[in-house]
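Labels run A, B, C, D, E and F following the written order; every chain starts at residue 1.
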Amino acid sequence: MSVVALRPAEYRAPVFDLKQVVTELAGVRQRWRESQRRSTEPGGRELPSREALAHIIDSLRGVLFPMRLGPADLRQESEDFYVGHTLDSVLHALLVQVRLELQYAVRHQPYQDALGIDTDAVKLVHDFSRELPSIRGLLDADVLAAFEGDPAARSVDEVLLCYPGILAMIHHRLAHHLYVLGVPLLARIVAELAHGQTGIDIHPGASIGAGLFIDHGTGVVIGETAIIGQRVRIYQAVTLGAKSFPVDESGKPLKGQPRHPIVEDEVVIYAGATVLGRVTIGRRASIGGNVWVTHDVAAGAHITQARSQHDAVGG
Amino acid sequence: MSVVALRPAEYRAPVFDLKQVVTELAGVRQRWRESQRRSTEPGGRELPSREALAHIIDSLRGVLFPMRLGPADLRQESEDFYVGHTLDSVLHALLVQVRLELQYAVRHQPYQDALGIDTDAVKLVHDFSRELPSIRGLLDADVLAAFEGDPAARSVDEVLLCYPGILAMIHHRLAHHLYVLGVPLLARIVAELAHGQTGIDIHPGASIGAGLFIDHGTGVVIGETAIIGQRVRIYQAVTLGAKSFPVDESGKPLKGQPRHPIVEDEVVIYAGATVLGRVTIGRRASIGGNVWVTHDVAAGAHITQARSQHDAVGG
Amino acid sequence: MSVVALRPAEYRAPVFDLKQVVTELAGVRQRWRESQRRSTEPGGRELPSREALAHIIDSLRGVLFPMRLGPADLRQESEDFYVGHTLDSVLHALLVQVRLELQYAVRHQPYQDALGIDTDAVKLVHDFSRELPSIRGLLDADVLAAFEGDPAARSVDEVLLCYPGILAMIHHRLAHHLYVLGVPLLARIVAELAHGQTGIDIHPGASIGAGLFIDHGTGVVIGETAIIGQRVRIYQAVTLGAKSFPVDESGKPLKGQPRHPIVEDEVVIYAGATVLGRVTIGRRASIGGNVWVTHDVAAGAHITQARSQHDAVGG
Amino acid sequence: MSVVALRPAEYRAPVFDLKQVVTELAGVRQRWRESQRRSTEPGGRELPSREALAHIIDSLRGVLFPMRLGPADLRQESEDFYVGHTLDSVLHALLVQVRLELQYAVRHQPYQDALGIDTDAVKLVHDFSRELPSIRGLLDADVLAAFEGDPAARSVDEVLLCYPGILAMIHHRLAHHLYVLGVPLLARIVAELAHGQTGIDIHPGASIGAGLFIDHGTGVVIGETAIIGQRVRIYQAVTLGAKSFPVDESGKPLKGQPRHPIVEDEVVIYAGATVLGRVTIGRRASIGGNVWVTHDVAAGAHITQARSQHDAVGG
Amino acid sequence: MSVVALRPAEYRAPVFDLKQVVTELAGVRQRWRESQRRSTEPGGRELPSREALAHIIDSLRGVLFPMRLGPADLRQESEDFYVGHTLDSVLHALLVQVRLELQYAVRHQPYQDALGIDTDAVKLVHDFSRELPSIRGLLDADVLAAFEGDPAARSVDEVLLCYPGILAMIHHRLAHHLYVLGVPLLARIVAELAHGQTGIDIHPGASIGAGLFIDHGTGVVIGETAIIGQRVRIYQAVTLGAKSFPVDESGKPLKGQPRHPIVEDEVVIYAGATVLGRVTIGRRASIGGNVWVTHDVAAGAHITQARSQHDAVGG
Amino acid sequence: MSVVALRPAEYRAPVFDLKQVVTELAGVRQRWRESQRRSTEPGGRELPSREALAHIIDSLRGVLFPMRLGPADLRQESEDFYVGHTLDSVLHALLVQVRLELQYAVRHQPYQDALGIDTDAVKLVHDFSRELPSIRGLLDADVLAAFEGDPAARSVDEVLLCYPGILAMIHHRLAHHLYVLGVPLLARIVAELAHGQTGIDIHPGASIGAGLFIDHGTGVVIGETAIIGQRVRIYQAVTLGAKSFPVDESGKPLKGQPRHPIVEDEVVIYAGATVLGRVTIGRRASIGGNVWVTHDVAAGAHITQARSQHDAVGG
């Protein structure tokens, strides 16, 4: 940090081979674009923005729970002004991202029906907005489920403010709706934002009933075609995964096939348990910690490992 | 992005049903408040702020380790000025959050002793501040334990700067003190901030001796009533959990009962092991990777799975 | 929040024992420095900065993938300007951090060859920059591997934008290069930045071939001396760890010994599997979910748990 | 910037006499407080904040002119949500500043009626808010006056966006209202914020009718007790000042005496003119450039300098 | 700040008449829109953004003078990368603002030729960009003129970094080009940004030759149709204004008529001088401090006030 | 903003001649560097940073007046911590800027004594810091002078917070000290920061005694070699300038010659007055508004314009 002597005549400022590296990087980009048959014509970014979606979700959290996740200086008597203003702003920001995904989806078509994309995007965002009240209702049920299911929980507000499982469900319920409406890439980005913050990886395609409580959550994986009923409880490191992939004639995995479990109402799955394939866990069944399940489980059954009869793992 | 034609007369700017959605969201909030018997009177936010606490903890990390986690331009000869100024600012910021939690705790009482809350909050923050030097001492022991326990560690400074287990312990030791002093919601927020960054979920109620080393850490869960001795070592995905919850007459979980393990001095618990219930792992015992424990383990014992005798898992 | 009465004469503003706490904190710092034989002379920060490296890696992500991870308003026809300008800025920022680590490494020597450190740092950053094109090439292979390996993936761009396994590999391939060039502390910070965001903990020392696909990823641990071939697939919670540490005469772990697995080309390791020690998993072998391996596995072999023959776990 | 040689043993990091300077600065502060009979007891800041007021005024500009000075992404159909939310936030922020000034005003009194201050502050902010619609009406008249008075103006929107005279009037009309309501320090800060940006110095005490147009504006000074009618036009560097101050027995200036001009409706005062003392410029009179006036001017009169008959100065 | 007593039952949080004020503000907006025949249909902002232009000009200053007004960490060997990247970004940002003004200009027409506006905007920005090198050349002449004209100037770099006259000329030369290309509102905003910072008010329509030196500058006003030659020197508070406005039949000022002075090469105008109307100040003439000129001045003449023969005012 | 039709095949994204403009800008930079004999070798920025100095001055304002211009949450009992920490940080930031100017001053010398520059810079900053207490003392006198001189001033705190004359004097007293210590470029930047905010242009070379009150201030110009005594009062638009420049044999202005007025103690100079050349305004003299002075004025004399006997201009 300190210069303590004569700077000699032969001293040279550090210089890097910028032009060489820039050229080589352009070359490797060019090879990628050719191999992926991408356009190399002038033009701007085609892809939605992770940062924009992070901001959108953050605002929607405030819209859904204004006095608890909204701005610190909000007052109850003026909630509606805040909700209306924020919603207006956030829906138009979402519209931009929806347009980007819809355009991206048809990027290989020679003519693009810009008017059609525009109309579709507006309708999609409109439909999304109309679902927000029912999403809030589902999330209220999730909060109550966590409060009732965790002896360490002191209040519903602590649950909403602190529990990573709730943060994951806020993201999931918004992401799932985007997925259903036809913007799976936006949905996936929203899901991964929660995965990064909580370690809970729920594919936006998963269908989840009211009152899901995910405790601790780190390492939970829920696959794309999983179906979960009401009032289900899941602990950390539980996997609801696929057993093997159906493949097409050329050996490539078939996309979109049902391949993850169906979990019926009021099931409890303890930490580290693994449930694989399109199996059904019947209503009120429980799956013990670290148990490995690849077949259907009857309603009301309690599955545990031989070594640890009667034990169940809660944090 | 480009406008390429006449804008026709029938063109309409996108308009969403803002008023309808705002009204419906107000309705669902109203139903929640009624069901939770919340006030619907005018007034501001009642809950502590996650962002404020994140800022407070960040400043306290600088106060505790000024030359390593403080500002980049700090110099050793002026550390005390920095520590004093930051501490002053951070204690008053904490005071605001403590007041919010204390007021929240009595929110259902018709009259609130504002003077009493004020006095309690000042005393609480004062007591918290007096404990900081001993917290720094405990954390120094944690850093040394990590340095000595990991063959990949090159220096104590690398440990402090990089290891998620240390970040989790800084948060825990501050959070635990807040928990003991009577602000469990603040404590929980502080703990979840670390959980989100490290995947290490330590309930602030857990009591932990000097020199805990958590390696890798992702998926570690330590429950509210766990007690951990000195110089303990824990690897990733270890659970110190509850076996089952004592319930009250109405079947609701009894809150605050001892239900998590006691881990004595110098125990080592390898990756993926699960210890459940109020059991005691005796001094210098070791628990092998993925092992499942629901009974006491004698001091000095080495528990492994049948399939993997003599193996232990370190990263 | 509201002052609603006379402020009585005896009212006192809250005052904390700032000077006392500052003095005690100085005392505990002093004890640490003495016990660690640290300098207590005047002077500035000696350690690299986590924030600076986070910014550097963020910029390098844009340099490597300008149209997808660079600024939202970038256009293809002017990529090279952006790449060149950002690279220039980021290499000089890296130079500052490299100097800090090289100086830190010789901090106990009475005379420091400032000219030598300067020359070494410039050469190191120069060498690092020349490797960027080949790092981009490796990452393109990783992206393709994820796209082909996951039935839920819809496009290579979704993979690059969303998949935590790709984020972890971008960090790892940059960190590994820093590790090889001789700045292991910087490398470790870069690795932990990814660990914090993804739950994937890859030591920068690990050597990894082209086309690694880590799915879901939370809880994956890959040790310092692990060697991974080409086109390998790894699921969440897989550990490639050490069995036991070789120790020196005084019982301290020997640092830098090969102690983690070798995983050959096209191996698949399913969720929760644990592979320990310097064992070799042969080409095209597969390791089933939750399996525990401490011995070599032959090429092409399929290892599963007795309880779950023929099953493999994918998310 | 570059270290190019051995750092010699005698090298010392730069150290400044921090403690000495800190102590001397404390001494000079102490002397000031004693000479001004200020409290030296513990306690926080007593004074309103310039930054807070800058933010408040900026928000009020958006409240008054939402589609032109509000956020870029606002839409006409949701203006009211924005206006309501911003107003709620800004009035509570203003309440904090008003309380600070009211408390400051009674800082020398032994007991402070906190409840009374609180009630007064709420009433003051309430009254302020009720005046906003009529302030907007006055400002609309100012904008029209500028548009009609300047041959270079192309639209009323250009005037609102660009003209420093309009910015000064927005500040003045808000500041004057604060002044009338009893918080002259806040008013003065608001006025100086405009002075700093425009070079137009209007004391918040000045009373100004609808439709004032100040062209160019730099150097304009309008004193505390000036009274200006409707549709007046003023050019750069005009002073409406005091001739001499009435003094009290001890020779100190008497505060609050009428000592600045009265300017009646539709007067025009050209650049650089100086009008001093409690004189009246009659309706429709005009004062030529650089003219010096210390006596009443009759309605309809045109005052010019001998050297420049019939000339008037416009920019 | 401190709550020191029981909060009594009758306490009420402060509530303002938000809905009333919002409604009244909507009413006054409605009246304005009707009187100005503005659209009250749904839709977004129609006007360019002052903040966007401030950012654009700031970037262009870096593009024009990269090593002196560009980023602090720029290096000479990589200037072109910075210039190219910044220019690309800034031209597209300018394109957005140009479109807004061109659309605004035709806002009253029933059909808008969106394709035509788009084409015009692209061409305009293209032409603007091609002029940047010659603008830099003119500004180099301005810098040299200031250095040579001010005995207090120590280097050309001090002039570029510090002199408000240079800042005003950078803004003016960019603004004038926008004015000539047909976006006078953008041009005016750029000019007012400089006016706010320097007190120098140059209308973007003014035509100014190379090497203008404005010393001190506060209070200088240069009108829309002024024409200034090469190497002219102007001191603070000089006005080049209009004497009177030509009016049309209805008495409204005719817009766009030549009404400001012509100042030929190498003229010097000292502080406070006022030159009014379409007069010509001949080559190498000088106008003394505070002098008032409304007629032509011959080349080489020296005009002073009687009271102050032979004196000239420099700062 | 809206895409409403098919995007036709012939559509092209807007593309500008980036490479052409970049090349031409490089050409004009090259010509400038050659004409100014500047280095075209690789290397970083040589000049101090306006932004860095703005930040430094802002921090020094807090150091000098902690409870009034420091952070809003500061408390009196912990002022010294704040002052010490901020001072430490700001002096090292200033050291960086001082080094840049000292290196710049010798940039044309073939060998640069880096050790010497370093030593000089440290000494200069040290000397600067030791003067801060006396600067605070002078500013306290300025504040009192303004409070006593302005009938509109309500408190000394209003003066410190609001009066542009005080802001200008804070900058000037710091800038003057930098000027005296040998870094005139830094000094000039500090002065221009105040000029931009207040319209008051005081050259840092000017020597000013305690208790100067500049009222309103816009347009005031005080030249480099001016000398002002104690308790002087100056109104807006006053110039203390040079009459003509002494030139050297080649006709270039001689730099550094005394050429501005000497103003003795307790002089008052009213608005718009102009004093030119090395004249002396004797103790307690007053100069009337708009008066033009180019000769000495005797102590106690009152100079006014013929047309306006006995009048003086105050705001």
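The rule is simple: contacts are C-beta pairs under 8 Å (C-beta built on N, C-alpha and C of every residue); 3 or more make two chains touch, one makes a residue touch a chain.
On a predicted model such as this, the values are computed, not experimentally measured, just so you know.
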Steps in the shortest chain-to-chain touch route ending at chain F and beginning at chain C: 1
Rotational angle, Cα trace of chain B fitted to chain D, multiple of 5°: 180
Whole-Å separation of chain centres (CA-atom averages), chain A against chain D: 50
CA centroid of chain E to CA centroid of chain F, Å: 23
Contacts with 2+ other chains: residues of chain D: 1-5, 7-8, 13-15, 18, 22, 41-44, 73-75, 77-78, 80-81, 83-84, 87-88, 92, 114, 199, 218-219, 237, 272, 290
Sites on chain A touched by chain E in the complex: 13, 15, 18, 22, 75, 77-78, 81
Contact footprint of chain E on chain F as seen in their complex: 1, 4, 14, 16-22, 24-29, 32, 36, 39-52, 104, 184-185, 188-189, 191-192, 195-196, 199, 201, 203, 205, 218-219, 221, 223-224, 237, 239, 241-245, 252-257, 259, 272, 274, 276-277, 290, 292, 294
Footprint of chain D on chain F - complex, ascending: 44, 63-64, 66-68, 72-77, 79-80, 83-84, 87-88, 91-92, 95, 114, 122, 125-126, 129-130, 132-133, 136-137, 140, 148, 150-152, 154-158, 161-164, 197-199, 216, 218-219, 236-237, 271-272, 289-290, 305, 307-308, 311-315
Touch list for chain C against partner chain E, complex: 1-8, 11, 13-14, 71, 73-75, 78, 80-89, 92-93
